[in-house]
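Only one structure is covered here, and it is reproduced in the block below.
First chain written, first letter: the chains are A, B, C and D, and each begins at residue 1.
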Amino acid sequence: MAGMTRASLDHAISAVLATLETEHEGLTALDGKLGDGDLGITLLKAFRQLDTIRPDLPEDLGQAFMQCAQGVMKVSSSSFGTLLATGLMTAAKTGKGWTELDWAEVPDLLHRVVEALAARGRSALGQKTVLDALDAAATAAEGKDSPRPMLQAAREGIDSALDTYRDKPNQIGRARVYAERSVGMDDPGMVALKVMAGAL
Amino acid sequence: MAGMTRASLDHAISAVLATLETEHEGLTALDGKLGDGDLGITLLKAFRQLDTIRPDLPEDLGQAFMQCAQGVMKVSSSSFGTLLATGLMTAAKTGKGWTELDWAEVPDLLHRVVEALAARGRSALGQKTVLDALDAAATAAEGKDSPRPMLQAAREGIDSALDTYRDKPNQIGRARVYAERSVGMDDPGMVALKVMAGAL
Amino acid sequence: MKKILNDPYTYADETLTGLCRAYPQFYALAPETTRVITRPDAPVAGKVGIVSGGGSGHLPVFTGYVGPGFLDAVACGDVFASPSADEMATAIRAANGGKGVLRLYGNYGGDIMNFDMAGDIVEMEDIEVTTVLLADDVASAPLDEREKRRGVAGMVFTFKIAGAAADAGLDLAEVTRVAQKAADGCRSMGVALGPCIVPQAGRPTFTLGDDEMEIGMGIHGEPGVKRGKLGTADEIADALLDPILDDLSLEAGAKVAVLVNSLGATPVEELFILYNRIADRLDAAGTEIVFPLVGRYACSMEMAGASLTVLPLDDELQGYLTAPADCAFWKV
Amino acid sequence: MKKILNDPYTYADETLTGLCRAYPQFYALAPETTRVITRPDAPVAGKVGIVSGGGSGHLPVFTGYVGPGFLDAVACGDVFASPSADEMATAIRAANGGKGVLRLYGNYGGDIMNFDMAGDIVEMEDIEVTTVLLADDVASAPLDEREKRRGVAGMVFTFKIAGAAADAGLDLAEVTRVAQKAADGCRSMGVALGPCIVPQAGRPTFTLGDDEMEIGMGIHGEPGVKRGKLGTADEIADALLDPILDDLSLEAGAKVAVLVNSLGATPVEELFILYNRIADRLDAAGTEIVFPLVGRYACSMEMAGASLTVLPLDDELQGYLTAPADCAFWKV
């Protein structure tokens, strides 16, 4: 397998959904401590929707990612859902016209996604959000050119981001108002990324 | 003492108020079981008000009773307060122009009060209200011509009315809606009359 | 006590003072009273006056409905307690523009005695008075004992109709006839989900289990017809509508006004959910809702629950119900 | 769950359907949606459109304020949850009468992201959009971090003012300027006495002891500045007013609009008690209340508590605030 294809997307959706079916409650409980407790259900709804469109995704990666973005947008309007849709739209721009994307390009793509999310979220790196975990994953994945080592590195990046931010306060989003209480707790969005990366 | 005078009224107000200061809670609790639990406080407010106008009551019994009626009307608008004011207005009509009223006329006066209350309350004898106790008191007091025996007979009349109606359901007023529950319970208004008669 | 207040014994007074301060264009305290609210321009000369009254704690009932095309004056008691005959007499005087005054109020013993007594007082001053009692609560007595029924949210429609009839220049007998027709037509049914706290009592008016409701409970917590498990919105709507329809036996093609009313805490969101079902049922029965109201029109402070009122309309009632009126709580 | 509903997952939809059925003269569902409400005559050609949106459960906010002189269209999410960018784009299209659309909504992360995304979508369709964020909750951040404050009941005044400005024919830049001025002026402060239940969560949003209140708590149960013993009405009024006055530093002779708002369960009786104290305090400070509103204008379903909003008025804002408008929940 030389690069990312529609099949990779297909596999990723199935794998993440399978994991979320059992893990979503934990994410919801975590989000409930610092916010409105909808993160698990948000992701579950998003991936169930992706799973229904999965069989019919086009080969063109741009179109496939765009359909995924629209699917997520339709069922989920919580922050994480909107960020996920934004990330998928960013991927759609990169994949436009391609049926296969070199794995080596993925870290770059992830960095572009981080930028797009920061713009969408009016947020920045360092505020203890999913951005920090995603940025760490992107950086760790740099230089790898096959999926397994890349994924392994990305997971390690996410874990180290979790360690780095655990004892800092949340600085944006719903959790900001609980800033003090959030010290010592993992950011729910970062944990969500870890769960998804772990599922692949 | 040949008859009822302003001094009798004065004494009655003081005596009833003194008793109500301790007994009002019991009346309220009783009323609370079948209604809105305001009977004790209604009477306490009424007699406190009467007590403030007591020193300045005129010798003319008609005027004195009328001032009492207005005093009660001012502070109390619960059913019993309105019935009390109505009774006092009836007495005012009888006492008009007199500074002394023959005790022998009191049973008749009480019967007229019963009629006035029935008209005001759109109610009738036999519905388990203060009317039944007052009517029994009036009837029992007939033929007596001095206050002590008359009072004694009236108290016995009230007690026998309580016995007669205890196991019947309330048929009017707030307690009507709890008709079933009211079987086996004394009507609060009848008990209030007993408390007042007992205080004299 | 989970209420915002300074002193339970001044609750009613402070409420009425605040109302008149916030909305002086609609409401004024009658001179030297703290419990009698009038239109600022009362009495309106040459118009039949309409007076209501009863316990506080039901806003917008009663005071809220003082205004052009509505009531002229109102006497308010403590929470859930009758005002005094004295205060009612003051309200009647304030409403009297020389054409007599209709007393239009709920069928409660204390209120009746005091309004009767107030009538005796003002009749000595040559003010002509009539009475229409509101007795719309289907749950409180069977149809053949209609005169025993309590007055609940149906008073809102009746106030509006009577006010419009007086505004249109009808005389006292005619205003009374129209008001009686509206009062006779109104049927209401309520459901309670949670109690309220009467300030001077300091504790809830009743208790209901966490998953219980009581159908037919009165607006002061008077017992209803059935306590049971909390139903779905559709079940509740049916439980409210069925006894009303039984009582009314509407003909196909009938026009009705409908009021879906919150007792206080229940949010309007949930009233709209109830409304869907009620509208479906009436549609299916061939009944036309020509005047729907959904909101808080007759409350019991923070009581949770809702009530449904249905009023069959002929052209006369519909005309008066939809005529313009003005107060802080009405939006036609 | 002490709520009247059929299914937690259709709560928002059923609410909106019922609203449009009961009041079709004011509200219509945009074709093929269940969450986008428009004026029946939307879009109004040649007028700047105004769109808002956010979570359900706040009626009359947001949907209730759709109407002439108010909003043109609104996108509603589930209870306390943002609508989707898709739905917002639909609302923007429905509001667009060719003069552009102002997005006017509360400062919440999810809503911002989705409205931004909706803007990206409609800009590709050549609809010009601007944004004004409502951030009036003094409790949620200090003045020097104003941009972090949450939007609460101040949105009612701002909707009204922006709607009147659009009605008056101002262009998009001018409507946006006026709306921003109103949004900048509004200061609000709330107190919670009891929670509400989000249907899909099924349990109370927070817990408070029987004699506790929380000053500054947000309308979704976000933590406030101080939890303490339930105070008297006067103490509560002061606790709401003091931080607002600190923030505003009004000059003597200033004119203000005041909104004393129930979060849901708290009865209007108690709002009027609060109003007395607030009016006394403002009188004493030489501030003139030219536009008082007391009632339920921005709720959190059956949450108990109240909020106070103060908006300093210049002639321009006063003119727009008091201009006529029409919807089921507004009575000028």
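The rule is simple: contacts are C-beta pairs under 8 Å (C-beta built on N, C-alpha and C of every residue); 3 or more make two chains touch, one makes a residue touch a chain.
Computed from a predicted structure; not experimentally measured.
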Graph distance between chain B and chain D, where chains that touch are linked: 2
Path length in steps (a step moves to a chain that is touched) from chain A to chain D: 1
Farthest chain relative to chain D (centres taken as mean CA coordinates): B
Centre-to-centre distance between chain B and chain A (centres being mean Cα positions), rounded to whole Å: 80
Averaged-CA centre spacing for the pair chain C and chain B, given as whole angstrom: 33
Chain A and chain C, separation of their C-alpha mean positions in angstrom: 56
Centre-of-Cα separation between chain D and chain C, whole angstrom: 29
Chain contact graph, described as a line, ring, star, complete graph or other shape: line
In contact (per the touch rule at the top): chain pairs: A-D, B-C, C-D
Residue ranges of chain D in contact with chain C within the complex: 1-7, 11, 14-19, 21-23, 56-57, 59-60, 193-194, 196, 210-211, 230, 232-234, 236, 260, 264-276, 279, 292-296, 299, 301-302, 304, 306, 328-331
Contact set on chain A toward chain D in their complex: 36-38, 70, 73-79, 82-83, 85-86, 120-122, 172-174, 176-178
In the complex with chain A, residue positions of chain D that touch it: 77, 80-87, 109-110, 112-114, 116-117, 140, 148, 201, 218, 220, 222-223
